[in-house]
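These are the structures, in structure tokens.
Here chain A shows up in two complexes: once beside chain B, once beside chain C.
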Partner chain A sequence: MLLAWSLQALSRPQLGALAGDGAAAAGSPWLVLPLFVAAIACAVAAVRFWPVFAARADGADWVHRLQRGPWRGCGAAIAAALLAQVVLSLPITTLLARAIGAPGLAHAHVALAGPDVPLLDERGPRMRFDVPPGLTFDEVQLRPIASLPAGPLRTSRLRVLADGESMTDAEVAFEQSQQLVRVRCAARTCHHLDLVLAEGNVPLYFAGDSVVLIAAGGHSTIWNGVALAVIALVPTFVALSIACLCGVAAALATVLTVLASLLFVQTIGEAGPLAGAARGLLRGEWLGAGPHFPACFPFLAAGALAMILTMVSRRNPRR
Partner chain B sequence: MATAISLQQLAVTFPGRGRQQAVLALQPLDLEIAAARTVGVLGPNGSGKTTLLRVLAGLQPATAGQARVLDRPPGAKDLRRRVAFQPEGPLPLGVLSAAEFLAYVGAELGLPNAESDARARDWLERLDLGHAGRRWLRTFSTGMQKRLALAAVLLGDPEVLLLDEPTAGLDPFGCEVVMQILRERAAAGTTVLMASHQLLEVEELCDEVLVLQDGVMRARGTLAELLATEEHALVVGGLDDAGLRQLESEAHRLGAEGVRIERPRHHLFALFRQLARRRGSGGPS
Partner chain C sequence: MNTRLVRAAGAAACFAGAGFLLPPDAAVAREVAAWFVRPVALPFAWKDQQAAQKRGDTAEAFARAQQILDLLPAWTDGYAVFAYRFALDGGSLAVSYAERASAALQRLRIALAWLEAGRNHAGRREVELLQTMAFLPEVAVTQEPRLAELLPGGAVALTDAYLAQAEVIHPSPAVREQYIFLQPERAAALLAAGDRRAALLVLDTAISRSAEVRDRELATEWRTRLDEVRRWLRGDTSVDLTAVRADPRMHDLLPHLR
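The block that comes next holds the complex of A and B.
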């Protein structure tokens, strides 16, 4: 944790220069790295401690004979590993996250769905987004993908309208792709949000989470850290479940390799829900309301499937 | 007498993988072991001894035939406490202490905590492990692990003991303690099936012996049957060389064949056992 904080502190000036207002989110690898270390420490300890995780491990016969549950105690060992990981992760997701630059308050981020072809250019200079009813927000974040114009480049300038009323005194300008523009306002509600191209010829593509409303009223970043620590358990659960399935036939070295690879791919490799959630936390996004928990469900389903297959396989043990 | 262990045409084959050929670990085997008997399983490495014990412990399914232990299939839940298996090799859960490991075994066997703790204390004292305290199992010597393993299998007071090399790696003193405990269990009516390479121990402890080779039972019987011989030994003392030669010629005159004169010699095992008994009774060591 200290190493990650030190390295992040060293790289912060460069990151700030590159990413401007989004510098904290750019430091998310330094948050993910110690979480990966905590996860792999707990997972490897569980596999090495509980001999049933690997075929033909020393002492496995003792446990096979004594434990008659469907997973021969592997379920309890996984639960213990996850509990240990929560304890190790909480200081990382709360203290280290604050040190890296997570805001003190977290707000719900609500991505607005645009039209079928969300392209704002000279041929389609107006775009409307429906706002969920009752949502009180005090900021709009725009982060479109810019493409090359047909003629000489003229910076695109937009007006942002809430129910037809302009939210800014001046137009907002976009000069590069993925450029983040924050439009702050007093807390309010509205039915529609309109983006109107006032000037310029840079085509702007508003897909996915390019238009996000920041809900008014924040949550403590401590609770956000707890939410991230819980999300960080998902890769470990998936890796341990699949390692447990491999262990029906594979020896310890293979099981550990599978375990480490799965954890690496899901955390550092960003194939799991952790990296996105870490970025969200550093951006001040309230994880309890965003898409981060629903994104965990496919991974949890994969882990559960592996556990079911393990249970079925153990009915027919091999030497 | 009731049958404790029964095998009917029991066979175990390990399927080949890739270029490896299938291994016939146990070829169709018929066997009945009466309750309260102590049976030694002998055979070279890879002869199927461990596989036989694992089948009886419910850890290895049979490829063909069937096995019954206490008239139940080996994997039956209610045999978990009635049948105890001591595998070869190190103990699991190396970061537990001896007492914690026995507490875990007792809990899984369904023993009440107080009873489990009391039995564990008794066995630890008896097996000279009381001093191990809070040391991790992984720091135990092979001999200490073997003794703790025996404590673990005896914790549930089983009716059948399946032991795989119970004295391998033990020093002679530890061996004698283990042998004494096994003798007591056998006398108390526990059925013991013990695979071992320690022929002297098997000879001393077991009522019967079965010999496996390449998964086939080559011999089986009581020690008297297997070791029967037409020869007799006469032990004499107080004769000088002339007296011995006269005794030899007298034997020839009576029709004895193959008469030879040897000086009797004690085995190291007997010497160690004598020393161990002296140590146990507080005598000089």
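The block that comes next holds the complex of A and C.
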């Protein structure tokens, strides 16, 4: 944490806070870095403590003879490391996150599925999205992909209608791809959301999560921090599982290298679910409802597969 | 043991003497620390900035740009591009027609304050940075005409103030005209960053300001070249770009005119 704070002091956006609420998300490296430190500390401690994690380690023969079970106690060691990491991570994901600038309340982000061909242009100037029943929202975020216009460029201006009623008198205009426009309104529910092209010739493609509703009711960032601490366990579980598999044949140095590399790639390298979830937390996105937990499943499956392979590849020792 | 003690005491005295004769400077310590942090942090910071452009909002993208420029404080072109993008972004929050001008003013003030901070590190390129600052209010007014009413004296007053500061550093009448000829470079940088809208605003403003060039023939020729580029970027592919391609002042723009 001290390292993270000193790095943050070295590179802190000074005018970001003036620029708007979203600037806090720029502090995500200073959240991920201490989580990485906590994860690697727990994981390395587990590998060094339990001799069966590496081949030919001191005391491994005794453990093989005494500790029965498919993983020779490695499963329990991994569980202990994960528990220790939760204890270390919770202050980081709750208190440090608030100190970095995470908003006090987190709101669910609900992406709306569009029509089969979600293209809004002069030939198809209206598009309808079904809103989940009962969802109360107070903001719509639009981020379409813009195609090249036919002829000289004229900015595309849209009207946003909720059940046929105009949501705002604000200008909703797009000229280029990935441009974000947030339309705020009073908290409300509706059945359908319509986007109508009022003027302009820039074709807009609303695929995937191009239309997102922000739920009006908020959840405490403390609970969001707890969710992040749980997500932060996934890279550690994957790294320890694969390190455990390597340990069937490899010595301690190799196992530690594999462990550190996997953790680095999944956290700092952003190959895992942690970095996206950390950004979501700082943006005030409720992690319980977004894509962050589903994004963990492939990694959990990889870790589980590594554990199964470890179980299969360990031979029973002579007693 | 005594010898070791004497050596340790001597070393401590040398350190204390060095500290007394040349007191440690926080800025130097910060720069030395930045040497180590920069190669580690920059690739991730750059990737995060690009991700913020695609997934985050304007404020996050600007804050991430500040992190990059904190690591590369002498990169004046970076200051210019990120400040222009922020000031001309339009803001991610949709606002009513009546509120647009005040929102544009807020963004312009923040962008200019950031560019002002960049002057401390600009070195020999401080004049260019001041010319960049001088042009930004005019581009912002091109985008949001009612912003001029909120600027005391209009955008021209701000432009004159920054150009006057540039003339103090580099006393030459060329300073006032030179900044008009810098704009293709600025537009090219914005196009390279994927911001076609801001690049077109820069070109629109440069065309309107080209009337200030005292050599009338040069002004007309310059305006024609800029107009050709603008029309091409707006989708008019019937424009003949032969003269633009032959003009060395437009070289930065050529990769974006294919």
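Everything that follows uses one rule, which is that the second predicted complex is superposed on the first by the 289 of 319 C-alpha atoms of A that agree within 3 Å, B and C clash if a C-alpha of one lies under 4 Å from a C-alpha of the other, contacts with A are read in each partner's own complex, and residues count from 1 in each chain.
Heads up, the rule we're going with is that contacts are C-beta pairs under 8 Å (C-beta built on N, C-alpha and C of every residue); 3 or more make two chains touch, one makes a residue touch a chain.
All of these numbers come straight from a predicted model, not from anything done at the bench.
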Report for A:D116: first if it touches chain B alone, second if chain C alone, otherwise both or neither.
-> neither
Could you tell me if A:P51 is touching chain B, chain C, both of them or neither one (first, second, both, neither)?
-> first
Partner chain(s) touched by A:L66 [first = chain B, second = chain C, both, neither] = first
Greater residue coverage of chain A in the superposed arrangement, chain B or chain C | C
In their shared complex, chain A is touched by residues of chain B numbered 14, 54, 57-61, 77, 80, 85, 87, 89-95, 104-105, 108-109, 152
Residue ranges of chain A touching chain C (in the complex, touch as defined) | 7, 10-16, 18-26, 28-29, 148-149, 151-153, 168-173, 175-178, 180-184, 268, 270, 279, 283
Residue numbers on chain C that touch chain A, as the complex places them | 30, 33-34, 37, 41, 44-45, 47-48, 52-60, 62-64, 66-67, 70-71, 86, 90-97, 99-100, 107, 110, 113-114, 117, 194-197, 231, 234-236
Using the touch definition up top, name the residues of chain A that touch chain B in the complex.
-> 49-51, 57-68, 316-317, 319
